[in-house]
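My structure is below; once you've seen it, I'll send some questions.
Note that the chains are named A, B, C, D, E, F, G, H, I, J, K and L in the order they appear, and that numbering of residues resets to 1 at the start of each chain.
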Amino acid sequence: MSKTLYILNGPNLNRLGTRQPEIYGTVTLDEIKGCCAELVSAAGLDLVFRQSNAEGELVSQVQQAADSASALIINAGAYTHTSIALHDALKLMSQPVIELHLSNPAAREVFRQTNYVAPAATASICGFGAMGYEMAVTAALKLVKI
Amino acid sequence: MSKTLYILNGPNLNRLGTRQPEIYGTVTLDEIKGCCAELVSAAGLDLVFRQSNAEGELVSQVQQAADSASALIINAGAYTHTSIALHDALKLMSQPVIELHLSNPAAREVFRQTNYVAPAATASICGFGAMGYEMAVTAALKLVKI
Amino acid sequence: MSKTLYILNGPNLNRLGTRQPEIYGTVTLDEIKGCCAELVSAAGLDLVFRQSNAEGELVSQVQQAADSASALIINAGAYTHTSIALHDALKLMSQPVIELHLSNPAAREVFRQTNYVAPAATASICGFGAMGYEMAVTAALKLVKI
Amino acid sequence: MSKTLYILNGPNLNRLGTRQPEIYGTVTLDEIKGCCAELVSAAGLDLVFRQSNAEGELVSQVQQAADSASALIINAGAYTHTSIALHDALKLMSQPVIELHLSNPAAREVFRQTNYVAPAATASICGFGAMGYEMAVTAALKLVKI
Amino acid sequence: MSKTLYILNGPNLNRLGTRQPEIYGTVTLDEIKGCCAELVSAAGLDLVFRQSNAEGELVSQVQQAADSASALIINAGAYTHTSIALHDALKLMSQPVIELHLSNPAAREVFRQTNYVAPAATASICGFGAMGYEMAVTAALKLVKI
Amino acid sequence: MSKTLYILNGPNLNRLGTRQPEIYGTVTLDEIKGCCAELVSAAGLDLVFRQSNAEGELVSQVQQAADSASALIINAGAYTHTSIALHDALKLMSQPVIELHLSNPAAREVFRQTNYVAPAATASICGFGAMGYEMAVTAALKLVKI
Amino acid sequence: MSKTLYILNGPNLNRLGTRQPEIYGTVTLDEIKGCCAELVSAAGLDLVFRQSNAEGELVSQVQQAADSASALIINAGAYTHTSIALHDALKLMSQPVIELHLSNPAAREVFRQTNYVAPAATASICGFGAMGYEMAVTAALKLVKI
Amino acid sequence: MSKTLYILNGPNLNRLGTRQPEIYGTVTLDEIKGCCAELVSAAGLDLVFRQSNAEGELVSQVQQAADSASALIINAGAYTHTSIALHDALKLMSQPVIELHLSNPAAREVFRQTNYVAPAATASICGFGAMGYEMAVTAALKLVKI
Amino acid sequence: MSKTLYILNGPNLNRLGTRQPEIYGTVTLDEIKGCCAELVSAAGLDLVFRQSNAEGELVSQVQQAADSASALIINAGAYTHTSIALHDALKLMSQPVIELHLSNPAAREVFRQTNYVAPAATASICGFGAMGYEMAVTAALKLVKI
Amino acid sequence: MSKTLYILNGPNLNRLGTRQPEIYGTVTLDEIKGCCAELVSAAGLDLVFRQSNAEGELVSQVQQAADSASALIINAGAYTHTSIALHDALKLMSQPVIELHLSNPAAREVFRQTNYVAPAATASICGFGAMGYEMAVTAALKLVKI
Amino acid sequence: MSKTLYILNGPNLNRLGTRQPEIYGTVTLDEIKGCCAELVSAAGLDLVFRQSNAEGELVSQVQQAADSASALIINAGAYTHTSIALHDALKLMSQPVIELHLSNPAAREVFRQTNYVAPAATASICGFGAMGYEMAVTAALKLVKI
Amino acid sequence: MSKTLYILNGPNLNRLGTRQPEIYGTVTLDEIKGCCAELVSAAGLDLVFRQSNAEGELVSQVQQAADSASALIINAGAYTHTSIALHDALKLMSQPVIELHLSNPAAREVFRQTNYVAPAATASICGFGAMGYEMAVTAALKLVKI
């Protein structure tokens, strides 16, 4: 039976590459997905890679990950700072959860200092831009092998 | 014309029975629905019993309850603590609104101390586990008869 | 050996029925006691039903309940919001503790948002008026039978 | 190529005219839409006028506005006070963004003092009731002509 | 039927005259009582003048005043800053309530800035020492005559 | 008898046009006055248009408006954030009060988030620059006709 | 050489009698002045009785009182809550300073809980309406005789 | 004339030995009293050793200690964190006051970080369990001999 | 064309020399003015030296300084802590602004820790008493020469 | 193998005896060391007694104590209130840790109310001056014997 | 000319492997250093790898890194939460700075939520245990190659 | 016997001239030392001029200054905002202490608003850049001559 890695992306990440490219770079979410798919498939796992602007949909996807994923990588975008529902869903998981951010939220607005994802995550990676996805996948594959 | 009781359930409650059973017990939301249906039908009312992970959907359902329910029982889960939209929708109702929680939020994290449902509710019942649904239905039926 | 249910009432509750009847209704504490006594005796238990304006007396009564009650229902009135001594006494109990309020404190003054009873309680019932006593007794009797 | 004005309306605004008419008046959202449509079409622009109870849907619509609108008028309702996702989507826009409220939130509950829309808006209009839509459209048309 | 003026004194006021005389003067509570009795009796009223160190006892006395006093003067001492129970009891009164302090709490510790008596009082007099009792009685007699 | 519209301007607004023109534009307060006068006179009303750097003077002018104005438009500048005296004066008015700001204070310093004018205003307009005066006058004239 | 009593009144008190008469009564400031003048002259002192809407003017008048008054009674209105300049001026005085309020600020808005006059005053009288002036003058005359 | 050492114990301390013995040990308050009595009598002093659940009673006992004790040791239990009345009473004493706690409150709930006893005490001893009484008595006897 | 140095002094500074001389010394503001005038005239500049108790007047004078001063030295007294209007006026200046205080506010009341002048100043000098004026003038003259 | 007691002293304690002798007495740290050495050696243990002004050095010494001490007494001085590094080092210890202060910090500045040592300590002794060292050593020796 | 990677480790990290191994694992800092050295040398760079318990020493080492490092990886331990000096030193660097933590501070004490390193860092990695060093080195080498 | 002036410099000041020269200028700490040495020697005093990145070292140097300096000038850099140990050491001094900052911290980050040096200083000079050293030395020499 094959194993599955979940990568979930929150609101506005579908705009990656066009949104403030001087900050976030010109890489699109599709290109990131392609790069992650290669790494995951080379390790013999399946990849579920999704983006949604809706909090409830992300909650449902985390619930699915809790049922069938080997590990979860989540870039929850702005819901990181407001969603206790997401926090509760992540708490359902016994598998590794890696929090991911493209930028370094510590250098941003005060309202981004509240974080409901981090206390429900195993680990986190911030500020490496698109390279962070590659780092997270590589780390997740190692954690899964253990 | 028959009367209707609404019971709305928020995010992650579809996981009841499998989520941390040592805390929440092994009763599922379907079993709770069955038990409520019996009580409501014995009293000659209709039951609308729903669960959703999406804030906007819950808002819409409360609006429907405002149109056609005799009373509303709501276990808003994590949205209890973050949704002013739900608060505003509940304020539309002139019928009795009973807030319900399986556990006792007063003994939990600080961020669960913010509550936007309670100030828009007539009454609340917390910490009785699944039995709380039965208590809420019984009380709602009495309030409706008045 | 018979079992005992404790119902303790805090400051100003001796004024029930005369104090702001437009809010609290015209039922007196004596009438409530009568109704509770019936329910409790029908279940074959003894009832201890007391009211006191003094914080220390309530602490002592909770200590007695810790020695000999099957369960405790407590409407601590204004001491809910200031008494850590009551909190400590309630923590002595291993039996079920049900917090009770006639009105819904969530819709009242800011200084009523601090609550030292709730974190030491098993469950709570708010805003059902005098009917809340009946609900609490019924629930307590079920919890005791378990 | 014709130009488009977006008007987005958040949760519970579909209840306008029936919700607390003594406060909000008896004008419905459909009547407001009709009035805006006339003004916009007289100026030779297209109008996109939507309402949604769902945060994620509003985020998606703002993203569409960022792609194709000449200007955006947004009455985000309760999401004004809780949605950082909406804030981020609005930040995607280089076009004028006008924040709109029927009532004057400064005279309401403390939790309505938090505002994630205003810091991402060009300007705001509050407290003029339905007339505010007309004012916002007129101002937006002027800003677009510049 | 004669009318009654209540004067209630809280914790540590039985020490007046011996406690920090350089601040509070050498007048004792008995001497104050004598002076008040004269003024009250000259106006043809009865006087109830009491001191207690117990919060619950003061609550009970305020309840008695609510039943039978024409007006209440209360120097609640330290309970001013902590007793919501006293606040609730004072709220039972429809008669005039005058808050009294010997010293000026505004120039004292931060924890004396919280005040539960003032929001339940009609008026207050602070910082005139023993003369404040005389002022309060004179004012109360005028208010009663209205 | 003719009707009068009051427009009051607070501290530093006499510098408009020369103060940070890249932010506030090059329009001067005199030019704004001219434009408002035309609109007001066309509607058959009188205009009182004043600027003062002194809090007390503005308080006195609001008192005069309370006596004789049909409506008041007030751009209180920095006193918006510090003057409870202005707040109290505005509370004297039963006529419509429109708060006006050239820029969008929501995007500025934390100390500009305190606002004593808004809770005493009927409505507010922010961030439209000099055009905001025109919008406010137009809206005030409509409100007055009602 | 004759002695002088200063009575200073802050912003909006010139509107007394016309401003919210259901709260403040129908007595005007002129009538109060007349009543105070009688009491003061009967005691053989001179009276200085002034009102100003301007903070700086009140500061200057307190400075004059520091030079030549036997005692100062000050109803600083809204400046009570915002003026450190007034606080500093009051600190110049070694004579008795009596703070006066018509209403009871403890039962009003949160921003009226900050008080810069009280810590610089000898004593205070709140909530007795116009009668408070009479009480303050009587008390001041006693303090001056000591 | 013999000298007297006061040891006062607050709410719930009468339960020592039976309350959570895994934390507080199995020593009872009577055994502690015996041990203290020996030490005190060996030093030629009298011992007053009391426990009360009532705040007002403890205030009265501190007042008696202020009259006749050589020194006071006080374990105020939960009143440590809420009683300004006790604080005021302790401030009456010019003799040494030693604050005592069985456990280390610094490692407990946030609401135990507020302390009204410590600022009125000469010194404090926490976390040594029953041995702390012996240490406090020994230290008090030394301080008294000075 | 000659250059001008502005020195502005806020509320209560006209009392220098007589106000708490044990703290502020016996030097008067006139003597300080004399000393500053000598230094300034020796450097070939003109001096504008003013004092006002009124916030609005100080705002106007800062506006004049923005028009014609080479540099501004401002001791805003208590307005330092409350005046955003002064802050805005100082922001109009592109010339050097030196904040000056006779005493060291850091060692004073909490309400003096808020400072609206400092963030709009180039530099500040505190706690040197009257000598601070001489230091500020000397420094200003150097900055002007650059 | 002999056992060792560690006594560590933080910044400025090398100045004991010369620093504010009216508060801290005239005993020097060397004299305290002598007294402790006698008690420890009489009990057959070795003493390590050190003082350092450097946070990092104290961290290293606590680490050494974690390796080889029977118990640790620490007077961390000002680092008590700022050093999380010291907190972490103390958490390495499974041996008894006694926090010691010469004075009673509860009666001092607000910034001394933050305490990172206490939550990592077994017990604490404050306000007994130099006698506290003797008390701490005696208690530590008893704890070690257990 | 060869390039250099700096890895700095803060207080208590010298205890790695022995300190709470159930949390931090049994890998020592020396083993981590060995693993990093291999990766760095394989990439043709030099490694500077240091640990210090002293804040000042870490500041000096960051200054050296600012002079000669290609990139800096810093696990500042407890100084992360208290050292503004470290923050200032990190701000000197124009090279990439990667913040590293073994555990996930978001799930720990409140006082670990303050972070002075993150706002001065390019990116951060938390919660991967010793594997985080390998990830940080790999990422740093990629950033340096760019 | 000659007198000595101490000038102490905190963390990162050794980088002056190279650190953000567009803000701090290109003057180095060595050049500043040279300039100060001239002024001090011309006045017949000795100069001790030191810089350290270590908090404990600065504490020790302040202690030496307390023993032998005529006055102390201290630019504590980032320790200004975090070091209570430095605060305590400065409190040992009876000589004049002048706080010095190159920039104006009032216009910087919130965490630089906490200041432990200022309350222990006689006076302070901020925002004059390197010229501030010259001003401080000149003022210190005057204070010493007094």
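Basically, a residue touches a chain if its C-beta (ideal position, glycine included) is under 8 Å from a C-beta of that chain, and two chains touch if they have at least 3 such contacts.
These numbers were taken from a predicted model, which means no experiment stands behind them.
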Contact-graph distance - origin chain H, target chain J: 1
Co-neighbours of chain L and chain C - touch as defined: none
Same or different residue numbers at the chain B/chain D copy interface, by half rule: different
Selected from H-J, C-H or A-K, interface repeating E-H by over half of its contact pairs: C-H
Between chain E and chain K, centroid-to-centroid distance (C-alpha), Å: 64
Separation of chain F from chain K, taking each centre as the mean of its C-alpha atoms, in whole Å: 55
Centroid distance [mean C-alpha coordinates] between chain J and chain E, Å: 49
Multi-chain contact sites of chain E, meaning residues that touch two or more partners: 54-57, 82
Chain-chain contacts as defined at top: A-B, A-D, A-K, B-C, B-D, C-E, C-H, D-F, E-G, E-H, F-G, F-I, G-I, H-J, I-L, J-K, J-L, K-L
Residue ranges of chain J touching chain K (in the complex, touch as defined): 54-57, 59-60, 63, 82-85, 87-89, 92, 116
Partner chain G, residues of chain I touching it in the complex: 10-12, 14-15, 19, 52-57, 77-79, 81-82, 111-112
Touching residues (chain side chain A, partner chain K) in the complex: 104, 106-107, 115, 118-119, 121-128, 131-132, 135, 138-139, 142
